[in-house]
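Per-chain numbering from 1; labels A, B, C and D assigned in written order.
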Amino acid sequence: MKEGKVVSLKEAVSWIDDGSVVALGGNILNRCPSAFVREIARQGKRGLEIVKTAGAYDIDLLCAAGCVSKVHAGFVSFENEFGLAPNYRRLVEEGKVEACEHACYTVISALRAAAYGIPFQPVAGLNGSDLPRVRGMKRIRNPYGRGAIYVVERLQPDWAIIHVNESDSRGNARIYGPQFEDILMSRAAKNVILTAEHIVEGERLMEHPEMNQIPHFLVRGIVHLPGGAAPCGCYPYYEVDREGVKRYLEYCSKGTGVKEYLMEVSP
Amino acid sequence: MNYGPAEMMIVSMARLLRNGERVFHGVASPLPMIAIQLAKRLHAPDLVYLNIPGGVDASPHRLPTSTVDSLLVENSSSLFSLTEIFDLSARGGLDTAFISGVQIDLYGRINLSCIGDFKQPKVRLTGGAGSAVILPTAGRVILWRTKHNPKVFVKKCDFITAKGNVERVITPLCIFRREKGRLVLESIHPYSNLKEVIQETGFPIESRKEYSITKEPEDGELTILNQIDPMRVRDLEFK
Amino acid sequence: MKEGKVVSLKEAVSWIDDGSVVALGGNILNRCPSAFVREIARQGKRGLEIVKTAGAYDIDLLCAAGCVSKVHAGFVSFENEFGLAPNYRRLVEEGKVEACEHACYTVISALRAAAYGIPFQPVAGLNGSDLPRVRGMKRIRNPYGRGAIYVVERLQPDWAIIHVNESDSRGNARIYGPQFEDILMSRAAKNVILTAEHIVEGERLMEHPEMNQIPHFLVRGIVHLPGGAAPCGCYPYYEVDREGVKRYLEYCSKGTGVKEYLMEVSP
Amino acid sequence: MNYGPAEMMIVSMARLLRNGERVFHGVASPLPMIAIQLAKRLHAPDLVYLNIPGGVDASPHRLPTSTVDSLLVENSSSLFSLTEIFDLSARGGLDTAFISGVQIDLYGRINLSCIGDFKQPKVRLTGGAGSAVILPTAGRVILWRTKHNPKVFVKKCDFITAKGNVERVITPLCIFRREKGRLVLESIHPYSNLKEVIQETGFPIESRKEYSITKEPEDGELTILNQIDPMRVRDLEFK
C-alpha cells in the first residue's frame, strides 16, 4: 500500500519550513503525533509556532530541541502525575519561547476563523481576565444591539499534523475515540499531514464514509507510523506509556538530555 | 471510617452536585472526576457528566491518572467534544464546572498563568486552559485547590487568568462560599479550626460568625468512594 | 419503551406556542419532520417563524395552513420535478408571509451564533448581493487589520424539530446518512423535539456512542413516528413518495385544499 | 449520434471541469450533477465531487431526480456536509461551483429571489440558496440556465441575489465567458446562430468577432452520458 500520498517520515517533515505555524493533534498525552515531532526535532527546524489547546510531551520536546519560537495554547503541562512541562517552562522564563496563552476556547475560535475564511471570531467569556490585555484580544460592539463581545484573530496553521488510527493511501482517515480539536485543525490548516497507525484499503473505509472524519482532498501526505503516538496513548490500541514519559522527563533533568533522548528513541 | 483531606474534599464536592445538572471537569482534575462519579452513585444518578475526551456520562472500568485520558469515554451515551462543551457553556447551557487555581484571591479570581510578570515570568505556570471562558459563562464554578496556604489564597493574584461565576471554593481546610462578590467562610473541616484557616489564608476571612463545621464524610460516602477509587488516584493531587 | 421523554405527537406539538421560532430538520424532501408539521397545522398554530436552509413540503404546508409569519431560509421550492412551492409563493406575494431570504450559509452562520452564545457571526461572501441591504445585514471593520466583513445576527430557534432514524427513550439519537444542518440546529435551539423512526434500547446505542450525534440532555421530548418523514424520504429506510408529493400539490391547486389534505393524510 | 440542447449543455459543462479540482453543485441542478459524473468518466477521474447531502465523490447506483437526494451519498469516500462545503469555499478551497439564475445580466450577476420588488414581489422565486456566498468565494462559478430568452438574459436584474467569480455561462444556445467583468460570447452551439443569440439575449452581445462554434458532442461523450443518465433525468430541466 505504499502509493498515493504515503511518504517517509523524513520526507514529510522536510516539507515543513522554519518559522511555520504548526498545529499538533491530540491532547496532553493522547494521540499526539509524537514520532513526527521527534523527527522535527532531529531535522533541527527553527522558529516554529505551535498551536494546540492542551499539550505536554510534544510541545515540551520541541521547545527543548530549540525548534519553537511561540506556543499558542491554553494549557501546557503533564498534569498531576508528571508535573509541569520542564523545558517549556524554563524557556518561557528565559524569554526564549513566547507563551501566547489562550483560553482553550480562544484557540478553537481562532481556528474556526481560519476554517470559516473570516478574519476574526467572536467568543463568549473572557470578561475580567487579564488575557485579552496581555494578548491583544479586541472587544467590539454588537452592531445588532447592546453590548460588546471579544473577538479573536484568525490563526491559520501552515500545517496540521494529526495522528490517526486509520488512513487509506489517499488520506481518507479515521480517528476512533476522542477527536479533541483535530477535525477542526484539519479544516483550519493550509495543509494536513497524517501519521497513521494503519494504512488500510480505501474500499474498507468507504463501507462507512460517515466515519471518515478527514476527507482525502485536505491531506497532503501520510506517514505510516505504527505506535507513532508513543509514549502518548492511542485509543483503543495502546495506553500512555508512563515509563516512557518518565524516561523523557529523566533525560530532560540532565544537561544535554533531549539530544541523547532523541538518539535513544526510535523513530 | 478514616478520612483525610482528599476524602473530605471529594465528599464536599459531591454533595454540592445536583441530580440532572450538567457538570464539567477539565484537565488535571482527579478530585472532581472522582466527586462526579461519587455524586452519580449517591444522590445524582442523572447528573450529566462532561469531560475533555468527550464522553457523556462516561463510566470507565477504572479511573485514569490523567483526567483527559481516553478511558473517560468508556460506557458513554454519546460523544460531546470539548469544543461542544465550550459552546454549551457559552450559550448558557453548562450548569457547573470545576476549576482549580494556583492563586485564588478574595473575589474568587484565579491565576493559572504565571508568577511574576506575564511577559517575563518568574514561574511560567500551566496556563488557564478553558477557565477564562468557563468562569464567566458557566452557571456556577466550583473552585478547588489541594493546598491551603497564603501563597495559594492570596491578597492579589500576580495575574488574573479568569474571573466569573465562582460559587464555592473547596480546600483541604474549609469551604468558601462567594457572597456579594467575595469569598466568605462557609464551613471548616472537622480536623481544622478557624485559627488555622486564618493563618493559612492570605486574604482577610470575612463573616466569621456564620461559618459552620463541615459535615464529616459518612461511612456510606466513603465506602462508595473507595469502590470508585480503590487505587487512590485522588492522592495524585496531594503529591 | 413508552417511558422517559417519549410523548404523543399531540402533546409534543402542544408545547409549541404561537409566535415561536421553529427550526425544521432535513432538506427539501429529505428526512423532514413531516408528520409533526402536519400536526402543527392541525392544531392551528399561528405566527410561527420557520428556520431552514432549504425547504419545500414542510414550509409550504405550514404556510398553506396559515401557521407562518416569517420564513428564514435560503431556498424554498420543490426543485425541478415538482416546481415552486405554491402556497409559500402565493402568500409571500400577497404579503401574508414574510420571506426573510438568507443565503443558506447565513442561516448556518446565524445558527452558529446561537450555538456559540454570541450575538453575531462573521460570514465570508455576500459582496455585491442586494440581500444585505434588504435584510439588514451589517458589515463591520476587521479590528485586526484591513478590510471589513459581513456579520449576521444570531437566530436562536425556540424549537428544533428533527426527524431521526433512531432514538432511545432519553433522547440519545442517531441520523444515518445526510445530516444536513440538523446537528447544528440541535445545538442552536433552546429546545429539541425528536420524531423518531425507531425508539431503541439505550444500551444498543451506547455500543457506538460516537454515532449518537444528538445527546440526550439537549432533548425535551421524543415522538415515535415510523414513516414520519413521508411523503419526504428517510434514508436508508424509504425514498421520497413522489405520488404523495404530487397528491399534496394537487390538493393545493384546489381552493380549500390543505384542510382536506390534512384530513386525508395520517398522521 | 443525436443530441439536443441538454446534451450540448452537459458536454460543455463537463469539458470545462479539470482533473483534481473540487467541484460543487447544489439544489435543483440535474445538468451539473450529470456533467460532473461525465467529466469523472472522461478526463477528470480525480475530480473531487461535493454536493449538499455531503457525499464526497459519490457514485450513486442511479441518478436521482432531486439533486439533494440522499442517493448522492452512495459510494462516497467520506461525508462532507453543506456547512463544510461553504466553509471550504469561504476559506478559498472550493475550485468550481455550478449555479443557476432566473435572471442573469451582462455582468454575470444573478437573480433567484423575486420578480418585481423584493418586499412586495410580483413573483416570489426560490431564493438564492448558497449563491450569495458561493459566487464571491468560489474559485470560479459556472452559471447555467436551460432557457435562453430576453427574460432570462436581462439588461438589469430585478434583484441582485449574487455577484462574483462567474467564469462562464452555459445556455441552450451558446457559451458566454466573463472577461473584464462582462459576459462575452465565447461560442455558439452548432444548431444555433448569432442572430438567434442576439435576438434572445436582453443585454448587448459584445466582442462578436471572436466567438467560435461550440464543438459538437462526440459519440464517446454521448455514449457515456447515456450510460450515466439512461432515464433522461436531464430532461427535467427542460420541462
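Here, a contact is a pair of C-beta atoms (placed from the backbone, for glycine too) under 8 Å apart; a residue touches a chain by one contact, two chains touch by 3 or more.
This one's a predicted model, so the numbers in the text were calculated from it and none came from an experiment.
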item	value
Which of A-B and A-D has more C-beta pairs touching across its chains	A-B
CA centroid of subunit C to CA centroid of subunit D, Å	27
Distance from subunit C to subunit B - Cα centre to Cα centre, in angstrom	40
Two or more partner chains touched - positions in subunit C	116-118, 123-124, 177, 210
Residues within subunit B bordering two or more other chains	73, 79, 89-91, 137
Complete list of chain pairs which touch one another	A-B, A-C, A-D, B-C, C-D
Touch list for subunit D against partner subunit A, complex	22, 48, 55-56, 73, 75-80, 84, 87-92, 137
Interface residues, subunit A side, partner subunit B - complex	27-31, 53-54, 73-77, 79-81, 84, 88-89, 92-93, 95, 99, 101-106, 108, 123-131, 134, 177-181, 184, 233, 235-236, 239-240, 242
Subunit D residues touching subunit C - in the complex, by the definition given at the top	27-28, 30, 52-55, 65-70, 73, 79, 81-83, 86, 89-91, 109, 113-114, 118-137, 159-164, 236-237, 239
Subunit A-touching residues of subunit C, taken from the complex the two chains share	113, 116-124, 138, 140, 142-145, 147, 149, 151, 153-154, 176-177, 210
For the subunit C and subunit B complex, residues of the former touching the latter	114-118, 170, 172, 187, 202, 205-206, 209-210, 212-217
